[in-house]
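Below, subunit A partners subunit B and then partners subunit C, in two separate complexes.
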Partner chain A sequence: MTEQAAEQAPARAVSERRRISEIRNLGLVGVLVLLVVIGALTEPGQFLSTGTLVLLLTQASVIGVITVGMTFVIIGGGIDLSVGAVVALATVWATTKATQSFGIGGIVFCAVAVGVGAGLVTGLLIAYGRLVAFIATLAMLASARGLAIQLSQGRTQTVSTKNQALVDLGYQDSYVLGIPPLVLIFAAVAVLGWIVLNRTTFGRRTYAIGGNLEAARLAGINVRLHTCLLYVLSGLCCGIASVMLIILTSSGTSGNGNLYELDAIAAVIIGGTLLSGGRGTLVGSVLGVLVFTTISVLFTLNNLPTAVQQLAKGVLIVLAVLIQRRYSTERNSR
Partner chain B sequence: MTLVEMTGIGKEFPGVRALDDVELSVEAGEVHCLLGQNGAGKSTLIKVLAGAHRPDTGEIRIDGTPVPLPNPTAAIRHGIATLYQELDLVDGLSVAENIFLGHEQARGGFVRRATMRAEARKLLERLGHREIRVEREVGTLSAAGKQIVSLARALSLDARLIVLDEPSAVLAADEVANLFRVIRGLTARGVAVLYISHRLAEIREIGDRVSVLKDGRTVAAGLPARTTPTGDLVARMTGRRIEFPFPPRPAPDAHDGKQEILGVTGLTCDGAFEDVTFSVREGEILGLAGLVGSGRSEVLETVYGARKATAGEIRLAGKPLKTGVGPAVRGGLGLAPEERKSQALLLHESVARNVSLPSLRRYARFGWFSAKAETDAVRTHTEALDLRPADVRRVVGKLSGGNQQKAVVARWLLKGCRVLLLDEPTRGVDVGARAELYRVIRELADSGVAILLVSSELPEVLGLADRVLVLREGHVVTEADARELDERRVLDLILEEHVHD
Partner chain C sequence: MNNPLRRRAFLAGASALGVGALAACTGNSDEPPAATVTQGAADTPGKKVTIGFAGPQADHGWLNAITVNAKAEAGRHPDVELVVAEGSNDAATQSAQVDALINRKVDVLVVLPADGKQLTPAGRKAMDAGIPVINLDRIFDSPQSYRTWVGGDNYRMGVNAGNYIGQKLGGKGTVLELAGIDTLELTRQRTQGFDDALGNFPGIRKVGRAAAEFTVPTGQARMAELLQAHPKFDAVWNHDDDQGVGALQAVKQAGRTDFLMVGGAGSKAAMEQIKADSSVLKATVLYPPTMAASAVKLARLLGQAKGLGDLAEQEIPASVTLFSAVVTKENVDKYLPGSFE
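Coming up: the complex of A and B.
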C-alpha cells in the first residue's frame, strides 16, 4: 500500500540497476589499485615488473575462464560445484595415451568434449530431472573426480614429445606482443562471455530466469532448455580451462582443479553477482578473479604464509556479501 | 456478557478507506460470523483485532476495559488468537513443539519435553482429537489436522476469542462437521469464536449472530444467524457503491458474427474444475465470477498451458492448441497472473526489460541484441497505456501497482497477443488507478483482442465484461450477458449450493 509514496519518489533517469553495478565495480577497481599500491610499496622491485604482471595474468587466466561460465550459471539462479572435478577429468582424459595418439587436435577436442559432456549431464539432471543444482553438481564433483582417478590410475600423465607443440604455447617464444597465449584465450572468453550476457537474447533470458523463474516461464521462455544450456556453457568453459591447464603444466592429473569451484564462486560473489541469481556482471567477476590473483601474488612476493592469504580472501568474501546484502534488502523491500 | 467490543474503528491505506466507523461486539461463548464480499474489509478488521494493523480511529474494549493492541503479542496476551487461512505452523517440528512454539515450557533454559507432551495431549483431548500423536511431525498432517493443532495452540495461549478466517475453505465436508463439533466444545466452555466464511449454510449451522461488512462499514451488527433470511443477508452484502466509472460497453449484439478466437470445450482438470465450456470472440470480454477456490484461476492457467488438463479441448482461432506455455504464447495468448510480483515481474529490472521479456527474439539478429530497437518498441506501448513515469529505464519494482499492471499488459501488447488472460488485474491497484485500467482493458477489446477476466470483485466483473461465466466449486453454473445479471443474482448463484445443503 505504498503506491502513492512510490509515485512521489523522485524520478530517476538513469537505470538504477546499472548504476549499482557500476558503483560496485568501481569499488573493486579501487581494491585492485589499493593492492597494487601495497605491492609497489612492499616489493617495489619485483611487483612492478612485466614479469610479475605476466605471471599474475597467466595465473588468473585458467580460473578466469571457469569463472566466466560460473557467472552465467549463478546469474541464471544455479550453482556449479563440479567445475574443479570436471577440469581434472578433462585433463586426464585428454592426456591418456589413446587420446594423445590423435595429436594436438585430439587433446583439445577431448578436453572440450569432456567438459561439454559433463555439463550436459548435470544440465539434464537439473533441468529435466528436477534435481537441485547443488546436489546434481555435487554428485558430478564426486563422480568426475573419481573417474579421473580411475582413468589415470592416480598417475600424472605428461604430454608426449609428439605433442610438444601444444606445451610450447606456454613458453615465452609463443607470446604474442609480449602477451602469453593463455591470457589471450582468457581475454577472448571474457569478451565473448560479456557479449553473450549483455548483447544477446540468451543473456537476457539468463537474467530473467535467475531473477524470477516463474515470471520467465509464464512469459513463454523455455526455462528448462535454457537452464540445461547454462550448465553446458559452464562445462564448455571447464573444457577450455583444461586445455589451458595442460599447456601450463604439460600434463594431466586427477589432482588438477582442486577447489577451483570455491575460487570461481568466490570471484563471482565478490564481483557483485547475487548468489540467488538474476543480478550480476561479468566485468565484476573478472575483477574478482584479478583481485584474488593479485592477493596471491602479493603474498607470495612478500613471503607470507598461504594461511594468511586464505584468511584475507575469507575476509574479502564476507565484506563483499555484506555490501551485497544492502542492495538485496533494498530490492526486496517492496 | 460482552467479551470484545470494537467501536468506531477506522483504517485508511493510501488511496483506500479500508474501514470506516466499524462496530463489532462479540459475546463470550458465542460463534459470531462475519460476512462480506471481497474487499469489504473483513481481513483488515481481523488484522486490527490480531494487532497486525493499528486502527486510525476507534476503540477496542475487552471485558469493558479499553485496550491498545499495538502488536500481535499484545493481542495474544489479551486472549485473542487468530488462525489465518495459511496456518503459521512449522512443518518440520512435532505437534507438541508447534503447540508450544514461542512459549515452550522450560526450566533453566531446558525444554521440559515430557511436560510439554503431556500438556499437548491434554489440549488435543479437550478438542476431541486424542488420535493425533503429539510426537508426529506437523508436515505429515492433513489440512484438517493442522487446523486442530492450531486450535490447540490457541488454547495453550489461554485464548478467549479465537478468530477463524475461512477455516472450511481447505476442508472436506466431514472435516467441516468435525470442526463444528470442536467449535461447539470450545463455546460451551465460554470461548468466543469469530467465524469468517462465504458459505451461508455453515453460518446457519454454527453461527449464533452475524455481522455484515460492506465497503468497510458495518451494515448489520449482531443479526440472528439462523433466522435472518438469506435474501436479507445477500441484500446487505450487495449494492456496493460504484466508485469507478466503467467504460461504455458495445451493444449486446456487437460481437454477433465475430470470429471465435478462443474456444474451450469440456475442459477438466481433476481436483480443480470440471467440464468447462466457453467461447470468446474477437473484441469480447468474458468475465469469470466465483469464490476463491471455485476454479477461476485454474481455468486461466490451464488455458495458458501452465497446468495440464485431464480432459477437454482448447481451440485458438479454430485450431487445437497444444499444451504448454510455449505453444500458448506463440499462438498469441498472454497472461497477467494473479500474483503480479512473484509471477510476472522481474522487480529489480527496468520497465523496458520487463515488457520485452517474451519478445526478445524480435530485437535480436542472430542472437545479437539491439537495446535501442527494444526500448523504442517498448516505449510506443507504454506511452499508449500512459504508463507513468514515462521513462522505461526505471526499475519496475518501484512503480505503483497500477503501473506495474500496465507494464504486464504492455508486455503482451508488444508481443501482439490475440487473447489476454487477466487474473485479478486490479489487485493491489489503488482506487484512482482502477478506472484507468478498466479503460485500457476495454480499449484493448475494442482493438480486437479477446479478453478473459477473473476477479474476486463482482462489480468489476459485471461492470467490465460483456458476458459472464459463474463458477461454483469447479462447475459452470450460469453463462449470461453481463447486462442481464446483477450483483445479487450472481452472489446468489455463487452461494446457492451451500444454502440448499
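Coming up: the complex of A and C.
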C-alpha cells in the first residue's frame, strides 16, 4: 500500500516534468532540423537521400541501444562507465574460435551473456557491496578491457565463413522493406525501453530511486535489488549492441567500443536527463544519439578534418544545452 | 503458489550452466603466426647473447605481431636469450622497465617505445651504461640514444600506395583516402607521401579524406560515410588493414564494387582477400612487423661483434629503413607468411 501511494503522490510533479522535457526535446528536434538544413545547403545532391537516412540510422543503432540502457542507469541516479569496455569484451569473447564453433546461436548467446554477466557484477558491487557507481564501473572498464586484450591477444577476430549468415544481416539483401535489420533492432529496443520506463512499475521506481533514494527506500521499494537490476539492464543493452557490432564489422577486437561510454553519456545529457538522476526521457536520449550521428555524417560528407569535427561537436553540445535551458526557463517564468 | 526457493535454485542452476558454457568459449586454439625470416650468412652459432626487449601493450594486431616475431626469432637461435618486459603504453612504466633491463646487465637492448620522444633519456642511459640499444620503429629524439634504428617508412608507404593507384587508374580519375589517427606524426607522413605521389599524375584528384582512428568500428563508420558522400570514385587508400576490416564491411553493406581499394600494413586477413581476389581490395602496402625479428637478429650480431654478412662494412649500419612493398595478387604468396592477424 505505502509503495503504491508513494508512486502516485508525485503525479502532478510528473506532468510538470513531462512538459519541461517535451520542450527540451523540441529544442533537440530544432538542432536536428538545423543540421539537416546545413546538410541540404552544403551537399544538396548527397545529403537529402534515402541512402543518407539509412546510413544515419545504421550508424546510430549500436550506440543507440547502449544509450537506452545508459538512460535507465542515469535516471536511476547512477552512471555506467564500463559500457565501451564491456562491448569490447563481449565482441571478443563471442568471436573466439571456441565460441564460433557453437554457431550463430553460440555467438549471440555468448555476447548477451557476457554483457548481462558484467552488468550483474557491477550491479552487485554497487547495490550490495556499497561501492560508488563511478568507482565500480571504472573498475569494470579497466578489467573488461584488459580481459578483452588478454583473450584476443591483440588480434582482430573475424567471423568465420561458417557463421557468415550473421554478417549477411548487415547487407542490403537482408533489408526488410528497405530498413536494415540493425535499425529494426534499435527501434525495438528503444520502444521496449520507452514502455518499461513510462508504463511500468519498474520505470516509476527508477524515477523514484533517482529522485530521492531515501524516500524510495522508506516507501518500501527494494532499492538494492532495483539498483542492481539497472546495471544488469545496461549490461543487457551492451550485449545486444555487441551482437549488432559483430554484424556491422564482421569481427571482434579489444579496440571495439572505444569511448562509447562518453558518447552514450553525452547523448543522454543533451537529451535532457539530469546527471544526478530522477529526471529524463528516453526520447531525448534517442534524439541526442541522432544529433551526434548526423554531425559525424555531415562532416565526412563535407570532407572536413576530424579536428574541426571534434571542435564543432563540443560547441554543439554546449549550444544544445543552452538553447534547451533558455526555452524551459522562459516557459517556466510565464 | 510458487515456491521462491525452488525458483531461486533454478536460477542459480541456470546461471551456473551459463558460466560453464562461457568458460568453454574462451579458447583461441590457433598458434600465433611466426614469420619465416630469410637466413643470413652470420647465422652460425657464436657467443651467448642476452637481449632485453621492451615494447608497448599489444592492443592492436600489428603491435602483437611485433612481440610474436621477436620471440620467434630469438627461439631460432640457441645462442640468444630474450628477456621480454611486460608491454606498457605508459612512458614512465616503460622507462622503469628499461632501467630494470639495464640493471640486469643484458648485452643488447631492443626498444619499441610507446613514445619515442619520452623514452629518449631511457635509451641514452642504456647507451651510457655500455649497452647498445636497437631502437625499433618509433625513433628516439637523439641519435646518441641508440646504436641502430630499425623501422618502417611511413612517407614511402604513402608514396608507394599513390604510385600504385596512379598506375592502376592509368593516370586518370578520383581518389579517396581513409587515414588513421590525425594527431599522430605517422598519419601526417603517410598522407604527405600519398599526396606527393598523386602529384605525379595530373589527371588524378583526391576528392575525399576521413580519419578512421585505427579501430574496426570507426573504419566501418567513416568508410560508410565516404561511400555515401561519393557515389562515384575510382580508388581508395586505407592506411591500416585493421580498420580495413570494418571499411571492407562498409563496402559490402553498401553493395559497391565499382572501385579499387588499397590497404596498409599487411594483415593476414587483407592478404587472404587479395589472394582470393573476391573483393574491391586489390593490394596492400607493407609496414612489416617482421622488423622485430630483424632487430633481434641485429642485436645478436651486435652482441657477438659481427657485421652484416652481405655488406662490405665491418660494423652494423646505424639505421635500417624497411621498404614498404606493394603486395598484390601476383606476389602475395611471398609476403603471406610474414603477415599478422
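Basically, the second predicted complex is superposed on the first by the 304 of 334 C-alpha atoms of A that agree within 3 Å, B and C clash if a C-alpha of one lies under 4 Å from a C-alpha of the other, contacts with A are read in each partner's own complex, and residues count from 1 in each chain.
Basically, contacts are C-beta pairs under 8 Å (C-beta built on N, C-alpha and C of every residue); 3 or more make two chains touch, one makes a residue touch a chain.
Fair warning: this is a prediction, and the values are worked out from it, not measured in the lab.
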State whether A:303 touches subunit B only (first), subunit C only (second), both chains, or neither. second
Comparing subunit B and subunit C in the superposed model, the one touching more of subunit A is C
Once the shared chain is lined up, is A:207 touching subunit B (first), subunit C (second), both, or neither of them? first
Going by the contact rule set out at the top, does A:272 touch subunit B (first), subunit C (second), both, or neither? neither
Would you check which partner chain A:284 touches, where first means subunit B only, second means subunit C only, and both and neither mean what they say? neither
Check the residue A:222 against both partner chains and state whether it touches subunit B (first), subunit C (second), both, or neither. first
With the two structures laid over each other on chain A, which partner does A:97 touch: subunit B (first), subunit C (second), both, or neither? second
Counting only touches as set out at the top, which of subunit B and subunit C does A:248 meet: first, second, both, neither? second
If you stack the two complexes on chain A, which partner ends up touching A:39: first (subunit B), second (subunit C), both, or neither? neither
Common interface residues of subunit A with subunit B and subunit C? none
Applying the document's contact rule, which stretches of subunit A touch subunit B when the two form their complex? 1-7, 9, 11-17, 196, 198-205, 207-208, 211-212, 214-222, 278-279, 331, 334
Give the list of subunit B residues in touch with subunit A in this complex. 13-16, 304, 306, 325-326, 328-330, 335, 337, 341-350, 353, 357-358, 360-361, 363-364, 367-369, 388-389, 391, 393-395, 397-402, 411, 428-430, 433
Seen from subunit C, its contact residues with subunit A in the complex are 18-19, 21-22, 24-30, 32, 57-61, 63-64, 182, 207-211, 213-222, 224-226, 228-229, 231, 242, 245-246, 249, 252-255, 267, 269, 341
If you look only at subunit A, which of its residues touch subunit C in the complex? 43, 46, 51-52, 55, 58-59, 62, 93-94, 96-99, 102, 106, 109-110, 113-114, 117, 149, 151-158, 167, 170-172, 245, 248-251, 253-258, 296-297, 300-301, 303, 305-307
